[in-house]
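Dropping a structure here in structure tokens format, bear with me for questions.
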Amino acid sequence: MALTRGLTRMGLGDVGSNERFVKLAREYGFQAVDLNDVLGWVEAEGKETALAVLAETGVAIGSIGLPVEWRSTEERFRSDLTKLAATAAAAAELGCTRCCTYVLPATDLNAAHFMALATRRLRTCADILGAYGIRFGLEYVGPHHLRTRWANPFVWTLDQTNDWIDAIGAPNVGLLLDSYHWYTTGQTADELAALRADQIVHVHINDAPDVPVEEALDNGRLYPGEGVIDLPAFLQALQRTGYSGPISQEILTQSPPTAPAEELLSRSKAGFDKVFAAAGL
Amino acid sequence: MALTRGLTRMGLGDVGSNERFVKLAREYGFQAVDLNDVLGWVEAEGKETALAVLAETGVAIGSIGLPVEWRSTEERFRSDLTKLAATAAAAAELGCTRCCTYVLPATDLNAAHFMALATRRLRTCADILGAYGIRFGLEYVGPHHLRTRWANPFVWTLDQTNDWIDAIGAPNVGLLLDSYHWYTTGQTADELAALRADQIVHVHINDAPDVPVEEALDNGRLYPGEGVIDLPAFLQALQRTGYSGPISQEILTQSPPTAPAEELLSRSKAGFDKVFAAAGL
Amino acid sequence: MALTRGLTRMGLGDVGSNERFVKLAREYGFQAVDLNDVLGWVEAEGKETALAVLAETGVAIGSIGLPVEWRSTEERFRSDLTKLAATAAAAAELGCTRCCTYVLPATDLNAAHFMALATRRLRTCADILGAYGIRFGLEYVGPHHLRTRWANPFVWTLDQTNDWIDAIGAPNVGLLLDSYHWYTTGQTADELAALRADQIVHVHINDAPDVPVEEALDNGRLYPGEGVIDLPAFLQALQRTGYSGPISQEILTQSPPTAPAEELLSRSKAGFDKVFAAAGL
Amino acid sequence: MALTRGLTRMGLGDVGSNERFVKLAREYGFQAVDLNDVLGWVEAEGKETALAVLAETGVAIGSIGLPVEWRSTEERFRSDLTKLAATAAAAAELGCTRCCTYVLPATDLNAAHFMALATRRLRTCADILGAYGIRFGLEYVGPHHLRTRWANPFVWTLDQTNDWIDAIGAPNVGLLLDSYHWYTTGQTADELAALRADQIVHVHINDAPDVPVEEALDNGRLYPGEGVIDLPAFLQALQRTGYSGPISQEILTQSPPTAPAEELLSRSKAGFDKVFAAAGL
């Protein structure tokens, strides 16, 4: 039981195919990658090939992204939903037990009505994922500028998200925690540490620039250890909850980095080395 | 299978004890009464006495009010919830199969967060009521002045309420329809008639004064047939859905009527006679 | 609101493609057909073509069969489940609002454990169907010989099935009633009439040979009106519940009939004419 | 996060009032007690008094028993259910987060039908408990003699119970593990260690006499460390899951022990000292 190091494709430039991404992750000391197209991988290369790559490298799939747009029309939701079970089946076959989606902090719709629609739609997604042994993580999004980007406030705090998870009411729904949202919503380490491990499905780790917290942009993230977030405290708080699983970097930037993937991976590794060491992990 | 005539205490002045209320209802040709204190009645008079009054008069209990405040704090909700099962048990023993609550169209809380809290709380109520064979009706509230009475819009239309019922996701939750809210939300008879009977738990009937619809006050209601709502069309639309059950008057006024109960009951009877006849019922 | 006449392919010999089946149904006075391959139809012919055939004939799709085997292994269930959402989407696009599955009255598995597995699996199916506005009907199966065909008794009565539906707990699950199972489980018309309309998702109609009821075989069914079941009483009881929807014939026989489809359809029509007339419909 | 030492009243003779029980527990080095009458305690002594006793001793309430008989008639269930919310409220006010019930391995009812009834009833209980932040543990019961004590087999293994928990489908339902049932169902330590911590609500610890496992009687239990169960392996397996919470002794015997409570508590303490030390805890 431990916190493991994970990657998303965000912030790594072009890491190529899933196979190359997995092998690079391994090379730079990461134990998990988050993928968005497991079904495509399995359909194109075959389950056995994908499993062999994972087995050979010892890298796990940390999480898949939800292939269903639940924030738009009912038609779009119904159409996307047709592919969820096959995606979940492919992920489960590759040993993945997490699927995540993010929640924007504001909406142009009537906020209460949208909450009702979203609750029903996400419960349906959770039920399908649950049939394949996959847990479903909701990521609240903290940056201040997004809270007023659309007409009506939605939810963006840990407590609100936990209340929403209770409203959804499915046993396999929990939190995707991101240090960037922890920081931009002004939470303490103790608030984080008060969670039960089973409330946490997945974790993202990112750093923030040295600007007033109200000005930290969602796509202005830094590599772990390069900014002002107290990431050792974040990691120690997670450790205190008993959470065991991947901590995945997801560097959203205004434009994609242009450096070679190897350079960016090396930088990421250095960041993880720094903050994990500072946390005593 | 038929639409039956029902009463609430609202608009009748002082009709006394539940026993007197039931007997008066019978005397003026009503087949159902909505009660708010069935548990008190059973505890004070005994189940057998209450059942005897109902059997002797042939009057049914149309619905009980929800004895749980779900719009306030979690502490209040938890405290009130301790009495729900006993209330539901008493209602079920008296043959009642409906419990209802109303939904204000605005809130001072974050609307999305409150929707999440309310969804979870009402599902818990529904589950408890369901254990006693009781269905749970949600009444959306249409008057325009209430939509801006609190800071943030909540939900107040038929479609929004149906979406919320889907979000709650319990098999025994449906609509309490009120002609006053049907009128103040500008719905057509065809929209009403498009409902399935099983979506409707209970019905209220009231009339509105001849003022612009935007100015119709929630507590400015008239007796059926004394105002401008097309109540025959309302009743015919309900008939088309296949709904079978009580249609209960609930005259909310700025100050309680001071006339004797018998006079108010007589007036109510005349109103029902008029609109039921006009509807061909 | 009415009981309409429906057909399944069982007992009709070779009625050809879905298009031909629909047109024959229309020709012989039927208003609904149950189909098992709507997704295949839509994929092969296109949604517009299928919709045009239905619109031109005025025939509705009464129900689709559940394309998921929930009685076998978890692997099989997970694999089948990947196609349910797409099937439900296709059915919904063609206006179908019902999906049904049957329940065998005995099992070789531990009955309690199988009930737990089946409850969870069918709830997942119900949730997916519900996302497309489709209700899910469970058909209990009455013939005595099947109750001992496998080692352990499961459930086979109306009351047990209703209790199971409550255990599944999804708002869109109800009964598929079949006159053959009504007859072989020895129920009265009053027991049937005591159901609420919303408890009934779909109805099958079949007749039984003049043998002791314990000897009526599941695949020994007769066309309506050719046997000993009091089908007028069955139809009148359904009418009393307020049920509105198709009544579909499903003639299971030891070997498929060899007569031309037109002859079998004509015979079916005569049977419906007889029992519907006797029921006063 | 640690495994703590807990007591039930079973096996301790007369430990008197809850207050005395709590103080004795403290005196003999236990950190938790399971209570069955928290509502009575709060009603008789007041919440503040009870809280003071707990605060003063540092002893927690490990679990309460479910005050609802769900194995009998619907009438009994409905009647008992009226007291559950108040009991849960009292438990929550005293800081308790667990409620448990046991599952007999056989039944005189149709096993599948009873499973359906029990699934629905326990889900209702779980929903009410969940409103007060209380988790609900189901204890499967392993002794062989009970499997044939009633006519039809029900469920009695870890895997079956987990499948049932999935069928119940509430987020706050999990396992009450008991070393006696772990032993009598022949499970390995690795099977136990494969559980996720969040699947475990509560744990009982007991020892078994040196008889063939098939002859170990449910009410023939020994104090920890006095019998043949590999309790260090049991505790280590729990530790590996990440479970954090009480391990409570529950010595069911054919007749209650007659020795003074202090002697029995001392014996219990010695047993815990022995097996916790052997487990390296």
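Chains: A, B, C and D, in written order; residue numbering restarts at 1 for each.
Going forward, a residue touches a chain if its C-beta (ideal position, glycine included) is under 8 Å from a C-beta of that chain, and two chains touch if they have at least 3 such contacts.
Computed from a prediction, not measured in an experiment: that's the story for all the values here.
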item	value
Chains contacting each of subunit B and subunit C, listed by label	A, D
Subunit C and subunit D, separation of their C-alpha mean positions in angstrom	45
Distance from subunit D to subunit A - Cα centre to Cα centre, in angstrom	37
Subunit B: positions in contact with at least two other chains	123, 166, 169
Chain contact topology (line, ring, star, complete or other)	complete
Parts of subunit D lying in touch with subunit B, wherever the complex brings them together	77-79, 81-86, 89, 92, 121, 123-124, 127-128, 130-132
Subunit C partner contacts - residues on subunit D that touch it in the complex	107, 110-117, 119-120, 123, 152-155, 160, 163-164, 166-167, 169
Contacting residues of subunit A [partner subunit D, same complex]	1, 166, 169-171, 173, 196-198, 242, 244
